[in-house]
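The block underneath contains the structure these notes are about, expressed in structure tokens.
Here the chain labels run A, B, C and D in written order, and each chain numbers its own residues starting at 1.
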Amino acid sequence: MLDKNGIAKRIAKEVQDGYYVNLGIGIPTLVANYVRDDIEVEFQSENGVLGMGPFPFEGEEDADIINAGKQTITTLPGASFFDSATSFSMIRGQHVDLTILGAMEVSEDGDIANWKIPGKMVKGMGGAMDLVASAENIIVAMMHTNRAGASKLLKHCSLPLTGVACVKKVVTNLAVMQVTPNGFKLLERAPGVSVEEIQNATEGHLIIDGDIPEMDL
Amino acid sequence: MINKKVANVQEALEGVSDNMTFMFGGFGLSGIPENSIAELVRLGTKGLKCISNNAGVDDFGLGLLLQGKQIDKMTSSYVGENDEFERQMLSGELEVELIPQGTLAERCRAAQAGFPAIYTPAGYGTEVAEGKETREFDGKMYVLEYAFKADFAFVKAWKGDAAGNLVFKGTARNFNPNMCGAAKITVAEVEELVPVGTLDPNQIHIPGIFVKRIFQGETYEKRIEQRTVRAKAN
Amino acid sequence: MLDKNGIAKRIAKEVQDGYYVNLGIGIPTLVANYVRDDIEVEFQSENGVLGMGPFPFEGEEDADIINAGKQTITTLPGASFFDSATSFSMIRGQHVDLTILGAMEVSEDGDIANWKIPGKMVKGMGGAMDLVASAENIIVAMMHTNRAGASKLLKHCSLPLTGVACVKKVVTNLAVMQVTPNGFKLLERAPGVSVEEIQNATEGHLIIDGDIPEMDL
Amino acid sequence: MINKKVANVQEALEGVSDNMTFMFGGFGLSGIPENSIAELVRLGTKGLKCISNNAGVDDFGLGLLLQGKQIDKMTSSYVGENDEFERQMLSGELEVELIPQGTLAERCRAAQAGFPAIYTPAGYGTEVAEGKETREFDGKMYVLEYAFKADFAFVKAWKGDAAGNLVFKGTARNFNPNMCGAAKITVAEVEELVPVGTLDPNQIHIPGIFVKRIFQGETYEKRIEQRTVRAKAN
């Protein structure tokens, strides 16, 4: 079974040379730490920066240079700043190659719910609805089940949707799955996790086709 | 050169009154019009309908207007980090309309550019699109969203000149340029008002035509919301 | 009767302090020469410049700094350059206060035709259709009649339209007229021109209300 | 940093073929992609559908492609100053679609920004709107215009870097930024390719994400179409 860093590490393998990537808050942010050194990737943040670097050294924080999580950041050579409309032109116009975000629920049709729990304080969708409505390649990073042990991979989402039929891949603490027209196709098992455990934790239709390899991290 | 410079924040906010609709630039606490907000607090203008990506924190940014119960409605994409906001929203004192961030940006830009409405894919199939017109183009579904209508836009830039030309810094740019000229009156406050002719005409982010009034803010706190750092290597 | 420079001189009086102005090719371009020195005006050109100045001194021309007429120009302090989409945001968004352009025909409803003569080589509308569809204040500068002596102020335009119900004022070699819901309201006569001459040269409905003063140039 | 730099114009134009749709930046002869056009002449690519505000003059700009009868259709706002253009248009060899200049700019921007269509007031009530959908918003009429679809966009900038970031100069900017990322492949040629990291991140007109290939043009004639000057005062 993977921890959050393990999920991030596995997703980092999906990041290819030449990709522009938008990382959501939470586990997705950790992905940046595991991207191979020998490929070129640029990170976009929807508040208006392309070419994000690591956090600044202590004392070098700049209130005018933050990411969408409102964290102080730095930029790398070749970076650029731009306004919000231009930022979402990059997203809506499908210039961003890969979007990685967290979710509360994903359905076997690729629907995603990650912004609202009825009855609880709702903070808002931020840029998530724009991202999932436009991105061609969306990977969800999340735990396979919620704190109560219930599956987050469902036939239909029970929470208000963020977007419909948009998720391409899901990486959890238990497995890597591809969203196909017929449901979640199991691609890989987390180290030490059996197909049965994944099946038991998945409410949506899980396609198990042949031998399922363990992840190579 | 048409002069947009006003003497101070009081003159810049002339004409604001209760129940108006305002736009505020800024993302989180970055690039917010601190001086205009402070003056609105002082004026005590009430019943405001505010368009702003976020709602500040309890003791800074738009949170200051919330403390004074000056805001009736917020149109935002993300409103966490604010206890008073949550209290007013849950009690029903404050109306909140949450919309996708890209939709917010483009509804500003539509108002600036004279477009009545836009078709965006964001929110299709979700409750955000409920009751809204939708339409298919090339097999993909889009939601019709209308240009904002606002009385004042309050924006903050890094540098500006008396012609109203603006230059922004870093990610403090965010929604500010998109709101310029998107309201009846655009008030720009700048960290530094430079002499006309010193800004490179090739490097102006917002031409002065989109700005009605400009002034240099007295002070800027520029508070950091999430201070994330790494240790210096020895 | 006015010549082209006279028309430009009269129109210059319509330019007020604080106006952003877009000038079309031809007579409108001449207006810039007659704007009072004691008011502040900025000229916009739709190819992407605000704050145009006079032509450059010989030898100082720059291929990268031209107006919409493709003429080499200079800029004044406070000027800015921008892309075409931004330029038409200024126009469509009604940030430009006054648009002055030439016309082949104007109708009593304020329709304008100035881009196409069927059967002749058509060069295109350039930015004219955007300007007339959006501008709140449009003044047409033209001769009252065409070379054949026929009126250019008509009940209905005979040529393909550039825009409908958009012209606010017309200044010709003979007169200044306001476009009203009831037709062309005669405001001023050119020096030495009688009301009868104007009436005879106007096919559209001309409203003559009381004494019509001569222009004060 | 993702490298967009290609060795030369040949590599930059890899993949162009007959009957494609191309966008060309420039206004008149200002800011046109001179090197890409020259290479298209050399390649002899035919049956082109071109989106460009203007069509060049007889012996420069897109006029060179017209001389070689490489263009089947032009979508432009203004096409004067070109005898061969006129001859081909009147003889029916060349299809010409004239559209308002602001509509041209925004149909590019829509393609860049992922909008399927826009509502513009330009052309309403004229033959430009014939057969098109129209709609009223707030008492004003608008025409629905669709985003362009193009295979290649050829743009020209002043400076650029290997990350694809672009900076334009003066009015040579015009349609160039709006066309970046508006076609499947955007090819940018620059007068000067500068080292990555030397362009100020605050002052980049087009972030590299909108550009697929970049190269430094060999030479630029930068011809002036209307040389207007005044005499020097003594």
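Annotations
One rule holds for everything that comes next: contacts are C-beta pairs under 8 Å (C-beta built on N, C-alpha and C of every residue); 3 or more make two chains touch, one makes a residue touch a chain.
Source: prediction; values computed, not measured.
With steps allowed only between chains in touch, the distance from subunit A over to subunit C comes to 2. Each chain gets one centre point, the mean of its Cα atoms, and the points for subunit B and subunit C are 36 Å apart. Between the CA-based centres of subunit A and subunit B the separation comes to 28 Å, rounded to the whole angstrom.
Listed for subunit D are residues 109, 114-115, 120-121, 168-170, 173, 201-202, each touching two or more other chains. Multi-chain contact residues of subunit C (touching two or more other chains): 81-82, 85, 88, 91-92, 134.
Taken as a contact graph, with one node per protein chain and an edge wherever two chains touch, the assembly fits none of the named shapes, being neither a line, a ring, a star nor a complete graph.
The chain pairs satisfying the stated touch condition come to A-B, A-D, B-C, B-D, C-D. Across the complex, subunit C is touched by residues 27-31, 53, 76-80, 86, 89-90, 98, 100-106, 108-109, 120-128, 158, 168-178, 205, 222-232 of subunit D.
Against subunit A, the residues of subunit D that register as touching in their complex are 1-3, 109, 111-115, 161-163, 165, 181, 196-197, 201-202, 204, 207-210.
Of all residues in subunit A, only 18-20, 40-42, 44, 50-51, 75-82, 85-86, 88-96, 134 touch subunit D in the complex they form. Chain contact summary for the complex, subunit A toward subunit B: residues 45-49, 54-73, 81-85, 87-88, 91-92, 111, 121-130, 133-134, 160-165. Put simply, subunit B touches subunit D in their complex at residues 114-121, 137-138, 140, 142, 146, 167-170, 173, 201-203.
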